[in-house]
Amino acid sequence: MDKEVILEIRNLSVRYRTRKGPIMPVANVSLRVREGECLGIAGESGCGKSTLALAVMKLLPPNARISTGSILLNGEDLVPLSEKEYGRRIWGKRIIMISQNPHDALDPVFRVRDQLEEILWVHEKSQPGNHTAQRESHGHEIERILTGMGIPDISRVLGAYPHQLSGGMKQRILTAMAFFCNPSILIADEPTTALDTTIAAQVTEMFKDLMKAHSTSLVYISHDLALLSELSTSVAVMYAGEIVEYGKTADIASKPMHPYTTALLAALPSASKSRLDSIPGRVPDLSNPTRLCQFSPRCREKGGWCTEEKPELLEVTPGHWARCSKFLTTDTDRSIHGAR
Amino acid sequence: MKRFSVLVILLVAASVLAFAAPEKVLRATSTWQASFDTASVGSGNIPVHSLIYEWLVRYKGGTAEVEPWLAKSWEVSKDGTTVTFRLQQGVQFHKGYGEFTADDVKFSIERIVKEKLPEAETWKNLDRVEVVDKYTVKLIMKSPTPTIFTIALPFQAGQIFCKKAVEEMGASAFNKTPVGTGPFEMTSFEVGQSITLTKFAKYWGKRTLDADKVVFSFPSDPLTALQAGDLDFAPVYSALNIADGKKAAGLDAVFRLTRFWWVSLPCTDPILKDVNARKAIRAALDIDAIVKVAGFGIAPRGYAMVPPGLPGYWKDAPKYSRDLAKAKEFLKAAGYPNGFTVPFLANSNTNDPAVEIIRQNLAEVGIKLDVNSVEDSTYWSLAPTGKYITIISYQTLPDAGYTLCWFVSDQFWNTMKWSNKQFDDLYNKGQMTMDKNERAQIHIKMQQLMDDDCAMAYVGYLPNGVIYRKGAVDFGPNNEALLVNGVVDTSRIRMK
Amino acid sequence: MLKYFGKRLLVLLSVLVGVVLFVSTLTYLIPGDPATIILSQRATPEVRQKLIHELGLDLPPLVRFGQYWWKIFHGDFGYYMLSGRPVLPEVLSAVPYTFILATVGIFFSLFIGMVLGILSIYYKDTLFDHILDVLSATALSVVQYVAALGLMLVFSVALDWFPAIGMGDKGDIVGQIRHLVLPVLALSISWIGYIQRIVRQVLAETLFSEYVKTAKSFGIPRRRIIIRHCLRNAVKPLVTVVVTGWGALLGGSVFIESIFARKGLGRLIVTALTQRDYYVAQAGIMVAVVLFIIAVMLAEIINAVVDPRIRLE
Amino acid sequence: MGYGNTLQNALKNLGLRAFHKIRKQKWVIAKIVRNPSAMVGAFIVALMIISAVFAPWIAPHDPLKTDIEHRFEGPSAHYLLGTDELGRDTLARIIYGARTTVPIIFGVVVLGAAIGVLLGILAGYYSGTFLDKLLLWIFDVISTFPGIILVLALVAIFGSSDLVLTLILAFWRIPSYGRISRTEILSIKNETYVKAAEALGARRWRIILSHMLPNSLPPIIVLGGMDLGVVVMSIAGLSYLGLGMQPPKPSWGGMLSIGYTYIRQSPWLIIWGCVTLVIIMIGCSLFSGGLRASLKPEESLSE
């Protein structure tokens, strides 16, 4: 029943040059995104989820480099592509990314309408067939798209400058445009973090409807597991640059395996719980990664086996991987890398 | 496309027009003079004003002798106090101000004395100017005055203005629109930028300069403009400019060595008021090195103030050479065996290398110079105060009396503040004696007095002349267009 | 928004008053007495006294200061010391020439500087970028009067393509243009270097901004991003530099005008200062400052037009 | 950044082990080392300072000793860069020129920056108050003055001894430092960590010195780097007008105007004058460019 794999990241690592020396916010991560599905990437801030997204989009800052691994889009490895080729074939056509901070996402000196028309113009130019769409039709088309997305008071919004609109409004506009461009993959890097909850809920609703309307597959990055469980078909939990658990949302929600995932789920508020459990300790310092399990200092289920050697990402049950030595005793050795 | 073609036609027409009537234009430069009323300003800008104004008598080419000009002929009375001039007839003033008559001569000269204009000093001895008839005028002096023909009439103080023009326009308007009898009249000028003079059709005399127009402009670096062919000649008064002019391809220089050049030793300075201290400095200076470094192979060494070839030249002046031992002796005699410190004034705009030679020469005998290198205007304000040693040069004038007049007691420009009663008496006597040789002897005696009192250390003679484009202009036989003191009289230049 | 500009105008007017007060005290303090500088060597002491009295130089500074200001209040900006001609017409007649030189110079450097800046961003961190970096630093170090002499020696003396001095006569447009080429070149070499560095630096900063990341991720081509988005945001700092530079050049570039013998405000002011012609210098500086303030106002207006955040404050 | 690596490999092949050690210690220096143009800039600035400090040991001749027989000579074995109007060795005068000019240009930049930044921070911190308006007014008055004319008038009044020249040029540069530090402070002022410090009751001066100053340093240091070259050029301009530094001490600015005067006697003077200035300017611009790149806060992990 599984859909065809559209994007595969195979043991990708990214290296940053920082003041305290080189660090690896992404350490040989492997993931798969299936067509039409939504892969959720969860984890506390500082675990490397945004870096992963930027790496895929080739928008890493100057002091960062992809050191190992490959990113296969329909089988084609994107890592060796140059920025020019990305510009011509990938950006805006195959993959689009929406940034976390909507406040600076739009150019402050242009009206919203001009920027949207520019995106539309670029999008149409890339479509096969004629490019004689006139400027007026762009205007109508944009209004049609935005009203379709349930954005109120379109003319005011379009005529305004970015600094005159709320964060939520800008995020919705960008999401609408992203879905309109109908990319094969849309990466949303914590789109709702900077928004207050009510607006965040509306934006998430929007994602759900758009998912149904379009065949775009979504990579949704968030630190909110509850949100991901509603939205995504499969989830990958990241900790200190590594995938610690990866599998179908249903499996993970019901039977979380890795201690970190269980702790995260425990920390979620729900009607039945009176007191929230918090995870003791702090996110590890990435500049001197331990050879052993990164989570061990904060892990409740620590045992003898944690100190022997670095746990591998093991497929404990079919389609459900976890990186914890406690599963080693049941000699399951089909690590993610060996999977078909 | 249509508009473009119209523009092209317009441009072509404009350029053709420019070449249609090939005017002969002489392009030159000189120092900017704010006013054209040379009497009220004092230092006339000869290269420009020699085209506008004329004189009763003018210098013969390159000599101190004079020849008749606006005055056809003249007789001197027996007692030498009265000179009667017969004037040229039918001489027209510019801008239709009528004919030149004796009234204009009376007005031009008496105006200087009445209004105490800068040249009043020259006519100090004038009693009155008497108009005999329309073309005859009498100059009556209080006592016989030799300077009438050597400096007064043929130079600054003798330029003839138009009485009618000055009275009608008033002084402030006149200094913008000068009226004279010269071969060219001033048609336009822009302050600090350019002066344009055009040919005066009704000029009375024989015309040497046959240009239609003369344009003066004021670039700060005339040498490059000359090389680029944008100028025809440029008056200069520094050895470096003349040397550069001679060196540059396509250019040449004509000059006379008539700026006397000396190291001024202030006599009222607390240390230098003792003659031995001054003599120590003179003995310590290596004048030959100064001439070599700052003369650029143009300015020769000199041993007296009045340049050779002019009356009053002191042939057998003593030739000092550097003598450190003597200098040390003088220092001991002055009571400063191991030297002293004195202020020195230098003009930073000229970057004069002589300053460094002097500093090093004097340092060798322990005399330390506190060098103040100030910009040009500050230099010329501080030089006459007599508080500094400095190396300086003055313009000589055809009359030796006027070269030496600066060093009379309490004269403003007496940079040494040197005063010597005998020198003053000789000067006044010189201004009275009509006989040339006797006058020359007096001037030589004056230079001897100055030399004995060691008020200065003579260095040499700097050039005063013109750089010009070869083949553009010619200065006449033995450079007659260059007055005897090297200032250029543009009206006598010939265009090739 | 008009209120905003009204306030700014008031501030700038107070700056004008401040500068003018600063100027008049300054010019009086410059040593060297004008009478000695102006009058010839042959002037007699009485003549010197007459001139000093006429010019009021013998009055105590405070009285002269008050007198000067009283006259300004009545629109009399003083007169040339020697010729007694009123000063303001002469100073104002120098403004158009300086205006032409400054405007042509600044826009020429702006055009070349921006093109080079964009090129160096387009080929960022390549060898070409480093070469441009070094070249613009060299251009920055070109001292105006050395550039003027160099250009004259090459283009007027050696090649004789352009005239060396003067401005060309009134009617002849072609002549005036030909006379303008070398001064503009000498003037703009250092400005081209300066503008190239600013454009490159500002573009580099905008290139890593969020909205450029969004534009990129939506597939907008790089050339379009640089021209439309980066450059548009670079306009604000650029405008400030260019327009204030233009204002300073309106104060006249002293060296260019004196070497190329062009009439201009800078040359007029400096000659007046060296000849201690106080009224001319003060009037010249005042006009230069007024022009500079107009330029600053212009800069702020353009910035408001370009950047909506200011306009809608 | 292929270009940068080749340079480093070259240095490595030279066996400069020490070079590697530096890289490890200082992060800023490591950043500069990675950027080749900043390397060139740093090298030139170092050269300037070394020639200022060790002039007597480096210079082949005494810069003041005249040699009348060899005036206006081109480069020769004895005088490497030729001689000037008094036969003094040009190379020695360039090296000793550093001894007179370097203290002035650093003095001007440090003094101008110190006063400018102080006033700028005050204006920024108390923005909106009368003090802010007054300081901005002062900045406007100084910078509205047409360029060199202000400096010319002040030098004509107070003379051009080294100290006076430094004070005047520093005074002329204050507004640009003032404005930059004021805008930096305004942008930092409502950053969270500053608000937090205020909330914790930190005394005003402690906030300014410990929080605001370090953060506004990068652009100021960069402007300072560029200014070094600009000051030399203004001294050159002043010397042309006769208001340069007092002779006979050699100065870089003075060399240009003297070279201009004697260009027809020997073009070498103005050539070496320009070459020196070009090298200084390239050095300062590249060094300040390098500083900007390395001092910019790292692209933090945008989590």
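Labels A, B, C and D are assigned to the chains in the order they are written; within every chain, residues are numbered from 1.
One rule holds in what follows: a residue touches a chain if its C-beta (ideal position, glycine included) is under 8 Å from a C-beta of that chain, and two chains touch if they have at least 3 such contacts.
Every value quoted in this text rests on a predicted model; they were computed, and no experiment measured them.
Engineer: What chain lies farthest away from chain B once each centre is taken as the mean of the Cα atoms?
Structural biologist: A
Engineer: By C-alpha centroids, what is the most central chain here?
Structural biologist: C
Engineer: Could you please state the distance in Å, as a whole number, between where the Cα atoms of chain A are centred and where those of chain B are centred?
Structural biologist: 90
Engineer: Just how far, in Å, is the C-alpha centre of chain D from the one of chain C?
Structural biologist: That gives a centre separation of 23 Å.
Engineer: Just how far, in Å, is the C-alpha centre of chain D from the one of chain A?
Structural biologist: 48
Engineer: Let me have the rounded angstrom distance from the C-alpha centre of chain B over to the C-alpha centre of chain C, please.
Structural biologist: Computed value for the inter-centroid distance: 38 Å.
Engineer: Can you tell me which residues of chain A touch two or more of the remaining chains?
Structural biologist: Only 61-62 qualify.
Engineer: Would you pick out the residues of chain B that each touch at least 2 other chains?
Structural biologist: Each of 375-376, 378 in chain B touches at least two other chains.
Engineer: Can you list every residue of chain C that touches 2 or more other chains, as numbers and ranges?
Structural biologist: In chain C, the residues touching two or more other chains are 31, 149, 208, 274.
Engineer: Chain B touches which residues of chain D in the complex?
Structural biologist: Touch list, chain D to chain B: 64, 66, 68, 71, 85-86, 156, 159, 239, 241-244, 246-248, 257-258, 261-262, 264-265.
Engineer: Quick check: in the complex, which residue numbers of chain D touch chain C?
Structural biologist: 1, 3, 36-37, 40, 133, 136-137, 140-141, 143-150, 152-154, 156-157, 229, 233, 236-237, 240-241, 256, 260, 263, 270, 273-274, 277-278, 280-282, 284-286, 289, 292, 299
Engineer: With touch defined as at the start, can you tell me which chain C residues reach chain A in the complex?
Structural biologist: 208-211, 213-222, 224, 228-229, 232-233, 306-309, 312
Engineer: Can you name the residues of chain C that touch chain D in the complex?
Structural biologist: My answer: residues 11-12, 14-16, 18-19, 22-23, 26-27, 29-31, 125-127, 130, 133-134, 136-138, 140-141, 143-146, 149, 197, 201, 208, 244, 248, 251-252, 254-255, 265-266, 269-270, 273-274, 285, 288-289, 292-293, 296.
Engineer: Which bits of chain B are touching chain D when the two form their complex?
Structural biologist: Residues of chain B touching chain D: 223, 240, 243-244, 247-248, 289, 292-293, 296, 346-349, 351, 353, 355-357, 359-360, 371-376, 378.
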